[in-house]
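Which chain is which? They are A, B, C and D, in the order written, and residues in each are numbered from 1.
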Amino acid sequence: MLPAIDGSPAELARRYRSVRAATLALTAPLSEADAQAQSMTDASPAKWHLAHTTWFFETLVLERFEPGFRPHQGAYRMLFNSYYNAIGQPAQRSQRGLITRPGLAEVLAYRRAVDERVQALLGGDPGATALSLLTLGLHHEQQHQELILTDLLHLLSCHPLLPAYRPAPAPAVGGAVPLSWIANEGGLVEIGHGGAGFVFDNEQPRHRQWLAPYALANRLVTQGEWADFVADGGYREPRWWLAAGWDWLRTHRIEHPLYWQRDGAGLWQVFSLRGLQPLQRERPVVQVSLYEADAFAAWSAAQSGLPLRLPTEAEWEHAAAPLAPAGLAEGNLLDDDRLEPQPAADRPGLQQLFGDVWEWTRSAYAPYPGFRPWDGAVGEYNGKFMANQVVLRGGSCATPRSHLRASYRNFFPTDARWQFSGLRLACDAA
Amino acid sequence: MLPAIDGSPAELARRYRSVRAATLALTAPLSEADAQAQSMTDASPAKWHLAHTTWFFETLVLERFEPGFRPHQGAYRMLFNSYYNAIGQPAQRSQRGLITRPGLAEVLAYRRAVDERVQALLGGDPGATALSLLTLGLHHEQQHQELILTDLLHLLSCHPLLPAYRPAPAPAVGGAVPLSWIANEGGLVEIGHGGAGFVFDNEQPRHRQWLAPYALANRLVTQGEWADFVADGGYREPRWWLAAGWDWLRTHRIEHPLYWQRDGAGLWQVFSLRGLQPLQRERPVVQVSLYEADAFAAWSAAQSGLPLRLPTEAEWEHAAAPLAPAGLAEGNLLDDDRLEPQPAADRPGLQQLFGDVWEWTRSAYAPYPGFRPWDGAVGEYNGKFMANQVVLRGGSCATPRSHLRASYRNFFPTDARWQFSGLRLACDAA
Amino acid sequence: MLPAIDGSPAELARRYRSVRAATLALTAPLSEADAQAQSMTDASPAKWHLAHTTWFFETLVLERFEPGFRPHQGAYRMLFNSYYNAIGQPAQRSQRGLITRPGLAEVLAYRRAVDERVQALLGGDPGATALSLLTLGLHHEQQHQELILTDLLHLLSCHPLLPAYRPAPAPAVGGAVPLSWIANEGGLVEIGHGGAGFVFDNEQPRHRQWLAPYALANRLVTQGEWADFVADGGYREPRWWLAAGWDWLRTHRIEHPLYWQRDGAGLWQVFSLRGLQPLQRERPVVQVSLYEADAFAAWSAAQSGLPLRLPTEAEWEHAAAPLAPAGLAEGNLLDDDRLEPQPAADRPGLQQLFGDVWEWTRSAYAPYPGFRPWDGAVGEYNGKFMANQVVLRGGSCATPRSHLRASYRNFFPTDARWQFSGLRLACDAA
Amino acid sequence: MLPAIDGSPAELARRYRSVRAATLALTAPLSEADAQAQSMTDASPAKWHLAHTTWFFETLVLERFEPGFRPHQGAYRMLFNSYYNAIGQPAQRSQRGLITRPGLAEVLAYRRAVDERVQALLGGDPGATALSLLTLGLHHEQQHQELILTDLLHLLSCHPLLPAYRPAPAPAVGGAVPLSWIANEGGLVEIGHGGAGFVFDNEQPRHRQWLAPYALANRLVTQGEWADFVADGGYREPRWWLAAGWDWLRTHRIEHPLYWQRDGAGLWQVFSLRGLQPLQRERPVVQVSLYEADAFAAWSAAQSGLPLRLPTEAEWEHAAAPLAPAGLAEGNLLDDDRLEPQPAADRPGLQQLFGDVWEWTRSAYAPYPGFRPWDGAVGEYNGKFMANQVVLRGGSCATPRSHLRASYRNFFPTDARWQFSGLRLACDAA
């Protein structure tokens, strides 16, 4: 099995230009130094992202389907391999920031050269497999667009001066939206992708699942609610925490979300791609781990007396799918260029399902019944990560609109905090 | 909600005597030194197990329900608390082997004193809550019976001379049983415990789940099959492994199951509670991690061309429940005193479902829909461990028969290897 | 070269009985559990000390010189080897606490058996090499007598209840002795051992060294002075600390000597072999690292305006040698059975040079000019540790009197704190 | 006390221009990416070196002595502080590679601006303290010139393609020079700096020391000799190694000098600033740790039957001082631009004392008798590192000629390997 092809060769050619240009636009404000540095093993330098996404097209498409293929630079095959063991031993992940050569200009030239060759390939008749892998390459590049921003934000947060990626906009407007519950009766439902069009292998096959009645919060958990949790001693009280979360919290001396800090007067400030700003209570909380999200849910349950918890991914998808009928998600996404989650709108129904922040679910990342990885090297894309990771749903303010859908499964380890990860509460229904 | 009561006060009194005596029988062959040493943070000294199980009755039952309660020794409340934050700060888990005082004789006196007081309490009318917690205490002690053996085996494996817990028996008889597949059509099934009688909170509530058709292997994976996997380079080929498993394998230089070693001629030997013995191909493989089990399944799929995998816990329970109609599991269990997994019998149908080895499933340990932890301190028993652990089913040769049932959910991290953990393959049905 | 022989065979036989009995007396109060536990890699279980000192006689003396030698138990050769690579691969140091077999009774039987065989050997004419190694074995055992106490104290300090090795005595009497300075004009002096009688290879050869004029404090630094250092923020001010010491302090969150803690009222209490007691200002401070000792000297220099520092080992020995004319040191030593350092006497001259606490010097542990390790396996005794260790001088309240002399060089890493290590200040003379 | 002033203001101004220009020349071949990356905590990015050396002049000279001083950029005071606690909390050493802003161009502009201001200051009459600190700043910058090269070489060695800093020159000519011994009778000698002119505080005061007769090898140990050591199993035989060295070797799986690797045919290749080249037997071995140097000496002693060892720093200085009579060292130094150690010349007498490689001594880095750190913040320059480091002498092919002298004490930890560190053997004389 291979990825579905997402359009005619001409459409793919247009889409290719657009996606590749969007990546360049994201990295345009960066100096070569900004693009070089790697702030932790989990995060990659922007230059590496630029090169690796290009490597994907060169190695998985051109190498197999371009007549008379010759590598742009033979060494790039190893230098910019992320984790595909089928392609050879990748360079060490923790040392991506040490690949100073090629320089940024050479990487950009690499991009241009591969772009030309891909366009030439699309101008001919490369065949279904090539189009399939090329479609995958575009979605792959869109994933890396989000990672470019999350990794860059982490890098900037390590700089003692906390420089902003973009100047701060006017503060988000809008008052607080009261929390309410949207009930769903569940039953024997179907989730997963079943139709045509590109999806990742891990979204398939569509399959039945029984859901007990449940309710979802109308909106995301806010920074204000989270500040109340902190003020109530939430990070010092073991009873809210999973045992592994409590160990993690004590080992790393975690006391607040990743990019929060107090100013001289003790007031919270939040660092984002827009720089350091005072906490705004109505904005969704972001950059929290699954451990924190789960603890917040446990605390909220005790405060409210309700059986609150995180939703399962099936509950989330079952509720969200009708809101993206043509597969197109509406929300505060990368295309809106806000780069920060925004307060909810005061409207009836489920708000903020798509965009703003990825929503932690209570579902471990696991194969769907009947799951088959794609054939060939791209079989390593998703399946091999199905252990000790948890599913997040709904995209974020750093996710491209055309990359998102209701069946999309993002996944990260339980202690990951540098993504645009937040949460929505769920509740067992009577 | 509290644990169900498992019998009349008189029946509980009898059962109490029997369970407590069984624990003492297990530790009888140990010297004070054997009972003191702690070989790793995950494993506890036998003396600690003896004291902690007693602490459970004293702290959770006597302290609340015995008129005029006075502690046997005040300090034991902290020294022998495992992880109940609601009861106070426990002593450090990694330093249980440093609690040299009280000595073994004092701990045994502690056991006797608490036994007398519990029996006196049961002779009166302690009320439903006390009986409930006392029932839990008995099942808790049975869990620790298994842990006494797994922890002791690990300790003995760290001794350069590999001493045996018990002299080796005559080798198991019986030839190889061919692998075959028992199909199950699935559908909308129910799993979890729904009736009366004691179960853990994590086995509840009984709930519906949709199962696609599937098949289970008729027997466990054997040491011989595993030796073939090793010989085929299974531990050196990344494509069989989950990414986290491959990292784990390389970091810890894992090349075979935990207690395997080669003799001078390169032949496999296996260390068990019966000492070091030549590998017997027909015995079930044991002391493998989830990572290893999953890799073996991937390798087996490639060898056979079938969509092989580990079963889900729902598949396992749905298949197993009919085989333990009155709740009573048959199999090679602790009561049989073999202390090693045994070859399968050559009979039709599913063999070895109960006993021999815990079977790794492909299901993350998660709350069932509508799960509620028990009230009070015992609410910390199960729920707080529901992250980064995987469910195992079916009990082992170290599980007491009266402690096991089809709905029983054991759970360990993906890299845990010192338990009696093995596997049975599953297959997607057409 | 081999160790000097310390007496006639008959004298050695008497001395052997006495030294071996002293070891047993030290461990007599311990249970098998106490004797089994290992609290950190650097510390060994008392049972291991009992066995290893016996192994030394069996392996280095009996195995070579006893006619028809047969090992007491063949496996002990590896189990109780500490670090002699020439004798084979030793068991892992960090896992000495896991050697539960042989048990304590068997180890005591091993001692008795080897004792008989050594006495039999001494009854004959074993030759000079045997007598030489036997002499070394006695001094080796005396070193382990001190280690039995330091390692046991560390173990007891890890027990949440802080049990005492011996009941607390009446508090030490005596008022504060004012600090004064004993000047020494230095010049071209000789240090190191030059005469007959047993010394370690590292005390040789006697050699010349030029000393500038210097002065030594008349007494050790006291707990009261150290409490002033702490109260003045000494552990929070980087300027007093060696860079490596400051890193160490921050990494391990060090705020006071190893066995100090505050009571509920904030008053210092000190844990020792005599249990937990209120700090007594006049007692010497003990269980501090070289980093702490050096920082205290820097702080003292700033307080006093004097060029204070730690002494070099040559300064110390040059000043101390005349005070032990016949080689016999007077002071609060193990034979006095106080087991804690005592306040200084109010007498003129250098006090507390021998006994009480080992005194950190500012001298790295290095070979003396012309140093030659002993021949054979015992060449590994001292020389191979001459890197990243610092010399301490003068013995402690846990050092046997017959084991000490002015030329004795003890050595530990700069961060070691569990020994009876304290300090005396020195001063450059005008 | 303050550093000595190394010339008139006009001479210092000339020297300032020359030293600063030399730094720029070293970094000229680097891209911004090359200058940004940090390959390990011990190594710093070239950009950081460029900025930090400038920071030294700005903070320690301009800030105190420039009338109306205003900082170039206030934040640089913290960003480019290395370890001076007296100046404030420095940025984290391990994260120097994350300081992507200011960029390289801004750092170069910072250099130019400070250069102008320093020259203006020197044009006036800044006073003795300013001239003293300025002199220190120049020597400080020369130290960093060597570090720029050693840190860059380490960075390049982490790149999978092993790029060269400079194209490889023609191989060094010259045959093997036989090893011979130059005897020295020792006696009561003086070492340390006693005259006028700049030296570091740690080279003072000049003081007496007694030396037993000794001999030094006429030349450095070569790569060929080292290859013999490796071929003889030198890295697998514990008896050659210090105990701490053996632990280090096994923990890090050390099997050869840092930048050695085998080609496909098993032949040694050596990576240097000139790229990867076949091992040349006559070149001095370089990039070895003290542990390796000491083990080689022990192995050499066993091979030769002579009491070989590393020299002490006093022996080295006593022998070397006469060879640099006017304080000026001759040898293969940075000014020669060879950037690699060269084979010895076949001449009588001690060769290669200065330049080529720093020579490990057997002397722990310790204060000379009467040592006083400089006053003020620069008191942190040397003294606080006097623990667990060993002295190296003689400079290397990366040391500027005007920076070196016979009394110069370099120092590194016993496991440091990325410096131009090699060795010369010494021998006890009869």
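Just so it is clear, a contact is a pair of C-beta atoms (placed from the backbone, for glycine too) under 8 Å apart; a residue touches a chain by one contact, two chains touch by 3 or more.
Predicted model only: the values in this text are computed from it and were never measured.
Listed by label, the chains touching chain C and chain D alike form an empty list. Counting steps between touching chains, the shortest path from chain B to chain D takes 2. If you average the Cα atoms of chain A and of chain B, the two centres end up 37 Å apart.
For this pair, chain B with chain C, the centres built from the Cα atoms lie 47 Å apart. A straight line joining the Cα centres of chain A and chain C is 58 Å long. Within chain A, contacts with two or more other chains are made by no residue at all.
Remark: chain A residues 31-39, 47, 75, 78-79, 91, 95, 97-101, 103-104, 155, 158-161, 163 touch chain D in the complex.
For chain A in complex with chain B, the residues that touch the partner chain are 83, 85-86, 188, 207-212, 238-239, 241-246, 290-291, 294, 307, 309, 312, 362-364, 366-367, 369-370, 372, 380, 384-388, 414, 428.
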